[in-house]
């Protein structure tokens, strides 16, 4: 085992660097930049039960060291993913992570079952998308909602389930515990913080959908805090994300208790960001002579 | 009435630009830079029942376009404030805003009573300080906690009460409604988002207190969103803050529904920031021929 | 031609008028591949997170030519660049630029407004048929690139809104006159949304293809983030969201659903 | 002397060694007021929110002299500045710098480590009594400002940790020897926390006042945000938090509670 490899919810990852759902589509746009097999894992664009066109434009607004998005889960539906995208993605030697959002627990369960059956390594249950009206963040805003969705998925599949938590809650640890109790195998966090920008010239929100999700470096301190709190509260492995752009950022998440990390917005800015994070991590481990496992959760509180 | 003046909870403000609690101490450090009477209002450093020394250093960590602080309400106690600072502050022609944090509803009430008696224009009830163990954010994390504190204060004084809401909640509108129902006259938001930074070299949190509150431009989209949501939910006037550094930023908050704004972290960077915001606002109004009132809540949703 | 990340050194930075700069950037790998209508995505100041899309106006000797007008913080930063500085470029982007006109067809009409004239230059230079160019600006002091177009277009009409230079009036008005006189095989246009709208109205009556370069706020520029949505009408007439960065930035007028 | 906001133009930017730069900044209003040990608070790159505190090393002809060593993003930005560029300065800050020695007292001993030698230069130059300077660096190639101190100190001892230049060993060891030989009225010191600790140990035995310039992460630099706390022992022995930017940055060794 190389010093970069980790076991995450029982799944071997060749390294702890993955790409975050919604920032990497189904990978096709990035093959020109690097070999996708170098990644620890790929979380594909969020899938829904049926095809979705997403929200009206504009869908992106820049903010200080962050961005708001209101894509609204534009995707071809989970069946089309299984048929059209999955066979292509399979050629890469990396952990494939589906990301699902249902309008009802039943939709979640059906998708989890089908994707598990299709051989997805890990199914990320997105109960935190702030950009759709039904489902999504609605479930992620309460322990009860999380329990409901995760329980339904757990019954439907033996596949590994990872719950993607919303940061827009009072007590993230409570949400994590609910997911753990309902049978989740792992947690991922954070999804985006709900935000808004107003164009003072037009006096309208910049986003066509008015509100959107904040991501990027701006949110990193909130994400690191939540990863730490969740790591203290549950025994599940954590996929940490939120503003990771460099290996140093990734190390912060690992120290806080994440077993693996995801690069999101940084890839939107620089297609090579995940590789830079990976190579930086590699260099760091070489210099300290450690393996990733030595760093996970190694923060010493003051 | 000039185009800059506003009525806020029945109190006339000469302009809507105030300075945020904890970023302006008791004003003494800024008299060398500008005439404090130019400000619409001054929120003084958070006061507690007895003197507090605050948290151990380091207390500040920079983050992408933001900062974490864990001051922990270092202050001389509310009585010392009334005796030593208030008489000096009274010489300025500006609205004085006390900011109080109690360990119990009773402490809040006693402070509100005494400060009301001492003639403070507005009392900001801080139920959202993330940096103290007792009281503070503990109350602000639930509607019940807010009700308890505000009810106690309301019984204790006829002074105008403004509740400072925490952004670290699932549903900010619910908190606003609780404050309104309990008799608050106004709301201020947002306080800081709870965050953490880890020094990867020492593997310890940078802040001596481990966690701290995130402020500055990074949080602005979250703050604007919350001001908008609260403005939709209650009829109370809102003092909006969170990352305001320019007049354009202030206009976003006014459009979202704030009646006045506070400049916080920006003053820490540039002592003249509040004046720049004020002058920019003035120029903007001159150019459009509007008064502040025309802008408040004037956002048109898409 | 897969997109390339390239550090391009600015060789010349010339102010064309207030708030408009003409940059020549040594970027041989991108320059070799670029097609008319494509754009590069540029990392600007350190405190600006996202890249900014800028059309390629011309290519020569491994250099990209870009015309940038200040619209906000990112373009202001670009406006401040000087020769010798290095830009982080991603490009060429956009699967569809302006199509290559049919060498046996009629001439092509180019309609550009303000900085929107920029991408039309490469289209004009690459055209196997004659091109007529109409360019519009608010006023005389905003007129740019007149010589560039003169040297590669059969005719050039310069309009100013206030009549302070060339023909008084809008691009669409001058376009209408030309469309009556000549059998164009296609119209290529780029400019502000207001200008495009009036061009659309003018051209809709004529039954010829009209290719528009569209503007949308962008994230990745690669088709991955789905940020730069534009409503399109599909084969069967069904509406769906396409993406300006990948499927565009040039679209045929009739595929676009004009919501706004 | 109230603090002043001033845009200072860099007149000279000279690299003293790898990652250390010597800046001369035209800043007449701040320069007129500055006292030994005070600092300026500098706005660095646009993507760095907070100012960075840097001690004033010297003043001459309305120019501030600053010595900056790269420690992170802000100091790296400062290291990249060149003559002609303008810095946004806030200063002079700190109510208490190094005290003016009693003209009738004994000499003063200055102990500096690395870039911490910088503020001691102005203290040396302003001293009415003789000063002995001991400065320590990790190795020969890191030695800076030797000539500057030579020209204003009675004696100068240069130490290097590895003995590659001057005396081998730490500043505190050389200090101990000098303290045995001479009746100093005070010790002034500035350097890393590790160096200050060893100086504290060396000086504590000698019963003379020792003034240390302390480092703490800062926000406002004015005493308002209460960010730069340092634990102090008050009159009655009670501990409380003071603030480096306002009550310091120089403190007498016995007021400080050495927690860490």
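Just so it is clear, A, B, C and D label the chains in written order, and each chain counts residues from 1 on its own.
The rule is short, and it goes like this: a contact is a pair of C-beta atoms (placed from the backbone, for glycine too) under 8 Å apart; a residue touches a chain by one contact, two chains touch by 3 or more.
This one's a predicted model, so the numbers in the text were calculated from it and none came from an experiment.
Asks: Show me the overlap between the contact partners of chain C and those of chain D.
Replies: Common contact partners of chain C and chain D, which must touch each of the two, are absent.
Asks: Which chain's mean C-alpha position is the greatest distance from chain D's?
Replies: Centre of mass proxy via C-alpha means gives C as farthest from chain D.
Asks: List the centre-to-centre spacing of chain A and chain B in whole Å, with centres computed as mean CA coordinates.
Replies: 33
Asks: Centroid from C-alpha atoms only, then distance chain A to chain C, rounded to Å. What do you get?
Replies: Computed from C-alpha means, the inter-chain centre distance equals 36 Å.
Asks: Centroid of chain B to centroid of chain C, CA atoms only: how many Å?
Replies: Here the centre of chain C sits 47 Å away from the centre of chain B.
Asks: Send over the residues of chain C in touch with two or more other chains.
Replies: Those would be 47.
Asks: Send over the residues of chain B in touch with two or more other chains.
Replies: Residues 56, 61, 63-66, 216-217 of chain B touch two or more partner chains.
Asks: Quick one: do these chains touch in a line, a ring, a star, all-to-all (complete), or other?
Replies: Contact pattern: a closed ring, each chain touching exactly two others.
Asks: Spell out all pairs of chains that touch, sorted by label.
Replies: So, checking each combination of chains, I get A-B, A-C, B-D, C-D as the touching pairs.
Asks: Spell out the part of chain A that touches chain C in their complex, as residue ranges.
Replies: Residue list for chain A touching chain C: 22-25, 29-30, 32-33, 45, 53-67, 69, 71, 74, 206, 216-217, 265, 267-272.
Asks: In the complex formed with chain A, which residues of chain B make contact?
Replies: On the chain B side, the touching residues are 56, 61, 63-66, 68, 141-142, 168-171, 193-198, 200, 202-205, 207-211, 214, 216-222, 224-225, 228, 243, 248, 251-252, 255-256, 298-302.
Asks: Which residues of chain D touch chain B in the complex?
Replies: Going through chain D, the ones touching chain B are 2-3, 5, 43, 47-51, 90, 216-220, 222-231, 239-241, 246, 259.
Asks: Where on chain C is chain D touching in the complex?
Replies: 45-47
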